[in-house]
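Structure in structure tokens, see below.
Order of writing sets the labels: A, B, C, D, E and F. Residues in every chain begin at 1.
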Amino acid sequence: MSQTPVVSPRPSGRLPDQMRPVRIERAFTRHAEGSVLICFGETRVLCTASVDNKVPAFLRGKGEGWVTAEYGMLPRSTHTRSDREAARGKQGGRTLEIQRLIGRALRACVDRSALGERTITLDCDVLQADGGTRTAAITGAYVALVDAVNWLRQRGEIKREVVVGAVAAVSAGIYRGQPVLDLDYAEDSDCDTDMNIVMNDGGGFIELQGTAEGHAFRRDELDALLALGEKGARELFAAQNEALGR
Amino acid sequence: MSQTPVVSPRPSGRLPDQMRPVRIERAFTRHAEGSVLICFGETRVLCTASVDNKVPAFLRGKGEGWVTAEYGMLPRSTHTRSDREAARGKQGGRTLEIQRLIGRALRACVDRSALGERTITLDCDVLQADGGTRTAAITGAYVALVDAVNWLRQRGEIKREVVVGAVAAVSAGIYRGQPVLDLDYAEDSDCDTDMNIVMNDGGGFIELQGTAEGHAFRRDELDALLALGEKGARELFAAQNEALGR
Amino acid sequence: MSQTPVVSPRPSGRLPDQMRPVRIERAFTRHAEGSVLICFGETRVLCTASVDNKVPAFLRGKGEGWVTAEYGMLPRSTHTRSDREAARGKQGGRTLEIQRLIGRALRACVDRSALGERTITLDCDVLQADGGTRTAAITGAYVALVDAVNWLRQRGEIKREVVVGAVAAVSAGIYRGQPVLDLDYAEDSDCDTDMNIVMNDGGGFIELQGTAEGHAFRRDELDALLALGEKGARELFAAQNEALGR
Amino acid sequence: MSQTPVVSPRPSGRLPDQMRPVRIERAFTRHAEGSVLICFGETRVLCTASVDNKVPAFLRGKGEGWVTAEYGMLPRSTHTRSDREAARGKQGGRTLEIQRLIGRALRACVDRSALGERTITLDCDVLQADGGTRTAAITGAYVALVDAVNWLRQRGEIKREVVVGAVAAVSAGIYRGQPVLDLDYAEDSDCDTDMNIVMNDGGGFIELQGTAEGHAFRRDELDALLALGEKGARELFAAQNEALGR
Amino acid sequence: MSQTPVVSPRPSGRLPDQMRPVRIERAFTRHAEGSVLICFGETRVLCTASVDNKVPAFLRGKGEGWVTAEYGMLPRSTHTRSDREAARGKQGGRTLEIQRLIGRALRACVDRSALGERTITLDCDVLQADGGTRTAAITGAYVALVDAVNWLRQRGEIKREVVVGAVAAVSAGIYRGQPVLDLDYAEDSDCDTDMNIVMNDGGGFIELQGTAEGHAFRRDELDALLALGEKGARELFAAQNEALGR
Amino acid sequence: MSQTPVVSPRPSGRLPDQMRPVRIERAFTRHAEGSVLICFGETRVLCTASVDNKVPAFLRGKGEGWVTAEYGMLPRSTHTRSDREAARGKQGGRTLEIQRLIGRALRACVDRSALGERTITLDCDVLQADGGTRTAAITGAYVALVDAVNWLRQRGEIKREVVVGAVAAVSAGIYRGQPVLDLDYAEDSDCDTDMNIVMNDGGGFIELQGTAEGHAFRRDELDALLALGEKGARELFAAQNEALGR
């Protein structure tokens, strides 16, 4: 993959394989068992993890727990104000799609038997949006999840390891012909292909979602995007570990 | 009014007429024309003001503007997680009641002819709740409103004064027999009477909402609550002015 | 308070402290345990009390009862037809606000332990609106509540006193500079300040809701409104007692 | 048809072909252009007619008017309290079915070209239910419609005859083996067949809806029900004419 | 009844008392306990019967079963595309009315005690509409119901006869002055009177729904329509029996 | 990739890279401008294309057309009956996600300027589900889209080429450790990784959605799935061409 910013400079001046600065702040609010503010540059998402001693009906009596997610954007997290979904009376398709993705991604690192009959709900609320809110949400929700599980362990409510490995997510895309990592809004709204890559820290893929916004993408472009995603994920695992004091 | 903390100490150790520390942070997020994080102690509300060059149908062609508000709580802003209103598919009665109150309060300080055919929407989203979210929201939304109007003025879109005076709100209540100012959650959930007082900086009342949660309140108790409210409002006007650099 | 109708005559010709004729008709319909048509002049509200041997989930097993209210306006109770809320698919903010107020007001005179695990639902449906529907609803719902409790007592289902004292509500406002009692629609739609006052027959305040529609109101205006409210409430308690044959 | 009350007395003691007393009270409320309280015995329905100078989108610009209906039951119009449809967030199938029926029935006597581009909405709200609410609603809505059309004529807004003939509705059914006219609740909830018959005063059928609740009905039973319906409709046309002072 | 096609030929060229070709195909899909595609000419409805070992709350513990129906039209089953009801967020009045009719019709041939505490849901989905979808749905749902009951019997879950007799439905109407059987879309959208007739194979009427679209219909016209309906129903019972191999 | 069915036989007995029989039937219903029944084995989806001479608000006046999709499953298309989304009052997250995917996929082969200000809506309704409904829907919707565009061309409404290339979709997954093509329900509900691959006939990727249901997937597994997807897509393009008589 060519990294020649001279040819096609990114609006932010970043190198093609350069992520935005990542900031992870734990205990951002005080009531939740886990509460993390995560920033990918100007994108800021508040991720809280809430523990409830109940499971959905389809799991009752099976001795297994559940992990689920909800996602929302504050009406003015975006450049122009969006309708409040609570006022419109329903969550849009994009919201449902993202929160389903976050839930699946986090369940991939949880041993639900070890969790026991409890539900952990990950609320990911975007305070400010500048592209990549779903990848920031997954990456931050992981840290909130770990905090919530630690809270349970400190109270003696769980014994075995609940969180197995780590999960992080990042986007990559083809912007003006060049594969780039971690698209911001300026790039996202003007790119040919956008891919969200969810990985675990063993190098495995949890979820891949690639969409050709303009022309279809070729296999070699896909390979370049996957390589960028792997690089980004490694940096995010480091940021998570640092935030968690590991 | 007796101020003898020995007799009935408040859970927080505050004096009966002592407000929680108030913090007002402008430009908290970057997209909105006005964006204010206001904290009344541990209560934190993000208030954004968004300008739209349209008015509701009932005002079209009349040359007047509109100011409206929406209110929401993040699901885990509270001690135990509340349902997300967007997921439930409707806003609850408490939410609607509060956002109607915020809208009326702010319209009381706006010259809608001077605003012209524009709508300013005040989104008040509670990041963390510890009692008094609606009074913090009104007080913070005022600052966001001023910022949005200044943004319009700097672009030359308005000429005359739009914001006339200031508006702030505070609660007072009877806690264990004693009138106290600015109830936090521990007091609010265990008080006899709770009153929300919205004032302007000319000393006039914009809105009074007093509710006897336990026994009915007497006229002398009402007088004591109003005196506390006037004191609190004076302090809030000072905090607003300081935040606005006046 | 000056009572000089010469200076600012009310549209109806009433004196400033004069209520509209109040009429309370019990057993207006036959199925409900309590059924009251209350008229404040041309405002007519049908208040029914329905007994159900269940309580909401949050009260189950606690040995306490519940009192709640619902409010509605027939589509053509108003000057121009309003949308039917059932057809629009949701109750508006004003409706929810009013029915929450009615419920709180009536719970203030009920000993919920004495009621036992039962719910009394007060349905207040406006047949004809001419201002003051919420105050008429509260005043009439009290009578319906008493009838429903008597129905329970006659069947031997309750032993102790359930209704403690009486509750009534009236509005007062500043109309063309003058404090007046019990605003009708012509006054309500053109007044500066509107206050709803809910009292008990011990002279205590249950709820105060005052809103400056035009300019903010001063403390002396507030005092005048409270004095009017106290006078009106006394007359309403007398009307309730007469209707109940006390 | 045998009319031998000795064999199978009706719960009310009526003869098989005897309707309940019908009462029609015009100008029951004051805001609507037509407002009629109609009682079929203990069934009481308030029918208002509201004139609006608009038509639905599918009729715009065609020079024709529209007549439509909405139906509702007050929550405690029934023996046990029913959920308020506005609170549940939707109208039930029975409600929609009835209001569609009322609308069709009344349109059958209206010359929509003569009405011009106006909509008349007939709101039929049941204050007290004892069987036959839909037939009472149709019969009363006709009178409200005539009053609304007269209101338009008195203002000079229409010239030609808008209401052509009269419309009324009545039920008939097989109760304990015997065809009876105008079923009350006690009969309706325990009958084998229930038929609603909408007729015009020329003896024509506008709508027939017959349902076998128990065993299927034979052709001779159907003939008996139709004969009862014709008798009932004649009496209702007389009652309408008397109420209208014709 | 005159059958003179010369006078008023039907758009399809059919004789006045001639039904469209009826086709009934069992086991059209594989998962449902009963699955029938029924065609009345170009009208095609897929009727599935699903068995569930639960009953609605109002029947629990009574030892009786339930039969219910749901109806839908694929968005492009019609000449111009209709909105998808799932996307609009509610079923329209016509849909609710039809599915209530189908449910009542089928319950009329079911011994609910013999069914035991089970629910059979009849889903009637219109793949292609050309008039008469509700009558086709009832006629086809009967066959699907029989198949589902046979499925239960083959598994030994029921002993007694559950389906008592047969049910079928057909429409008749006055088209250009002439009574005709089984209206197709071209006739239905241009007829004076439309009647849906649900019968059992004992010659009894289960449901009659006749509507005057244009002028009111006279008694002799009604008699002609009933005679046509009886003829059509006989043919449909034959088609059902043939499809069921009886 | 090893194709040794001996090692891990698929439930259907298919080879790992063997698709189910694909059947494409055009003109399946008569009203739609394009109407295609597509079967991937036992999965059957009816795809209709409807032309409307309007575009959504965000495109008005821009001279461009729009292509959108809606997806639904008949309640008993599945092994056990699913709730009807129209009756529940909303489309679920899975439905919204799939219909957004179908819409994006088909827009990728459409020149929206050439289409002009028209909307083509692709309704994909699952008559019978056995895994792979979304891939069958995309593949079939393409054929329906081509038919609708040809319908427009035959009427002289469009001149230039609207459909550019072809689009098809297929799934691949890791079933019991082995990469397999075109998962049926038995495999889908028990696989480790499931990937939906949307391609164009130039070999480019339009959309990739891969989800690790069990353990994360490795890069070499991803490569195997992509190879299977490319093989499947080639076969689908051939089937589309054959159906279209190319």
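To be clear about the criterion, contacts are C-beta pairs under 8 Å (C-beta built on N, C-alpha and C of every residue); 3 or more make two chains touch, one makes a residue touch a chain.
Chain labels with UniProt names: A, B, C, D, E, F = Ribonuclease PH.
Keep in mind that this is a model prediction, so the values were computed, not measured.
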Number of hops, subunit A (Ribonuclease PH) to subunit E (Ribonuclease PH), where each hop joins two touching chains: 2
Far-end chain from subunit A (Ribonuclease PH), centres as C-alpha averages: D
Pair from A-F, C-D or B-C with over half of its contact pairs in common with E-F: C-D
Whole-Å separation of chain centres (CA-atom averages), subunit A (Ribonuclease PH) against subunit B (Ribonuclease PH): 33
Interchain centroid distance [CA atoms averaged], subunit D (Ribonuclease PH)/subunit F (Ribonuclease PH), Å: 51
CA centroid of subunit D (Ribonuclease PH) to CA centroid of subunit E (Ribonuclease PH), Å: 28
Subunit C (Ribonuclease PH) and subunit F (Ribonuclease PH), separation of their C-alpha mean positions in angstrom: 60
Per-residue multi-chain contacts in subunit E (Ribonuclease PH), two or more chains: 89-90
Cyclic chain order - from subunit A (Ribonuclease PH), heading first toward subunit F (Ribonuclease PH): A, F, E, D, C, B
Contact footprint of subunit D (Ribonuclease PH) on subunit C (Ribonuclease PH) as seen in their complex: 29-32, 35, 42, 44, 46, 48, 50, 52, 70, 72, 74-81, 84-87, 89-91, 95, 121, 123, 125, 127-129
Touching residues on subunit B (Ribonuclease PH), where the partner in the complex is subunit C (Ribonuclease PH): 90, 92-94, 96-97, 99-100, 104, 108, 195, 199-200, 202-212, 215-219, 222, 226
